[in-house]
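For reference, the structure is listed below as structure tokens.
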Amino acid sequence: MTVREILETHPHPAGGDLDARVRCIEACSECGITCTSCSDADLAESDVQEMVRCIRLCLDCADVCDTTRRVVTRQTEADVGVVRAALEACIVACRGSREECERHADHHEHCRICAEVCGRCEQACADLLASIG
Amino acid sequence: MTVREILETHPHPAGGDLDARVRCIEACSECGITCTSCSDADLAESDVQEMVRCIRLCLDCADVCDTTRRVVTRQTEADVGVVRAALEACIVACRGSREECERHADHHEHCRICAEVCGRCEQACADLLASIG
Amino acid sequence: MTVREILETHPHPAGGDLDARVRCIEACSECGITCTSCSDADLAESDVQEMVRCIRLCLDCADVCDTTRRVVTRQTEADVGVVRAALEACIVACRGSREECERHADHHEHCRICAEVCGRCEQACADLLASIG
Amino acid sequence: MTVREILETHPHPAGGDLDARVRCIEACSECGITCTSCSDADLAESDVQEMVRCIRLCLDCADVCDTTRRVVTRQTEADVGVVRAALEACIVACRGSREECERHADHHEHCRICAEVCGRCEQACADLLASIG
């Protein structure tokens, strides 16, 4: 199964750029997993006291990515304003998490990876946002 | 337990208007439950075909309210941009759900209640947004 | 709006003990908020290193409570096996979080409150489980 | 990024079968997306009245899969009882959704795919459950 395959079985697929939608769903899914995993790895680090802001922002980002993924996956009777607002919130949450993870990227490999994944998700949300006008 | 009590036990409570924060958490919680329940009641109605848009918008609204409640409940190392973006998305999602529920309020009591609850949540999010600048 | 009011507007309310269902939804909702808040307060404590297990179990418990609340709120075409499995998972998650919070209850007020709320949620889930057979 | 890569960056990776954990996280993620998409496609079908049970069970399954994915992704201070209870709930939710989707697999392609994905997720959860004893 691919995300594209399941979206294409919808009786009335959403208009707009299907590629951008697929990439956004995949990116939100990857980012939800990665932020859950990064905040969890932070908790187990010996310098957890220095990772508190990273944990908090990754928890927010995981929640926002999971919700945005659901909103974007639904194609029936979408309200473009709601979709846009979810994407905008996701871009801000990913940016917050990415910027904090970048500060720890040289000493925590999970932060280096998480920063990259958050950056890709920001971009995928921005691309879908641009395509829906 | 009240929401206020649990928030006040935080070692460094978030600044800003605590009353507005408490009301926002309570309103998002109530709206998450109500939108889950309204979409579920819609599904069981004999005119479910006419309720499809209502179901979809209530599913989105429940997801966005649950996430916004979590972001606003967290007081440690908040990023004001992320909090603001979540509140803005929640206002839009509640408005979408409220406006659709209002169209069915005279023949479905769950829609009448849901429209009211969504309206209160919009207001509570807007009040917290105003208080955090 | 009360949880009872919104449940009663369903065109075909679920059978079983409505009081037990209402108390379970309210308890899961309260416990989802409290566990989110307790894990967040733990993060801000100066002894965060000692609170890592508490944070982790409260994160799990918040996720399980939020999902169980949704499953129990839905009254349309419920599968009793799914409802039962969700309630059983919630009882275990609440117990794990309660037992860990009890260990910190004398020095962290949020843990004392959270242990109480988790205990109430365990009981409310067990009561609903008993009522659905 | 792969799920395996991010899990391996944890300072103290969970014991047990890493392959089984990775497959479970990937399967829960795929199933959360597919059940969200299938319930949404059901809503847009002309025979939506016949799809009500499918929508409800897919909504439950999406919620349970998303929560189970988070619990299994976290490797810090896991409580084996909580992990086991989440996996057991996920197996039951996937089975419920799979059995209902199988009934519609010949006339709705999204149900055919969703039944397959739910079946894979049942198996992946059962495999991880077996490996953690």
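List of remarks:
As written, the chains take the letters A, B, C and D, and residue 1 is the first residue of each chain.
One rule holds for everything that comes next: a residue touches a chain if its C-beta (ideal position, glycine included) is under 8 Å from a C-beta of that chain, and two chains touch if they have at least 3 such contacts.
Being a predicted model, the structure only gives us computed values, none of them experimental.
Two chain pairs, A-C and B-C, are weighed by contacting C-beta pairs, with B-C ahead.
With respect to chain C, maximal separation of chain centres occurs for A (centres as means of Cα atoms).
Between chain B and chain C the centroid-to-centroid distance comes to 19 Å (mean Cα coordinates, whole Å).
The distance from the centre of chain A to the centre of chain C, each centre being the mean of the chain's C-alpha atoms, comes to 27 Å. Residues of chain D in contact with at least two other chains: 40, 43-44, 52, 56, 59, 66, 70, 74, 76-77. Interface residues of chain A, counted against chain C in their complex, comprise 40, 43-44, 48-49, 52, 55-56, 59. By the touch rule above, chain C contacts chain B in their complex via residues 1, 3, 5-7, 9-12, 25, 29-30, 33-34, 36-38, 40-41, 43-46, 62, 66, 69-70, 73-77, 108-110, 113-114, 116-117.
If you check the complex, the residues on chain D that touch chain C are 52-53, 56-57, 59-60, 63-64, 66-67, 70-71, 74, 76-79, 81-82, 84-86, 88-89, 91-93, 95-96.
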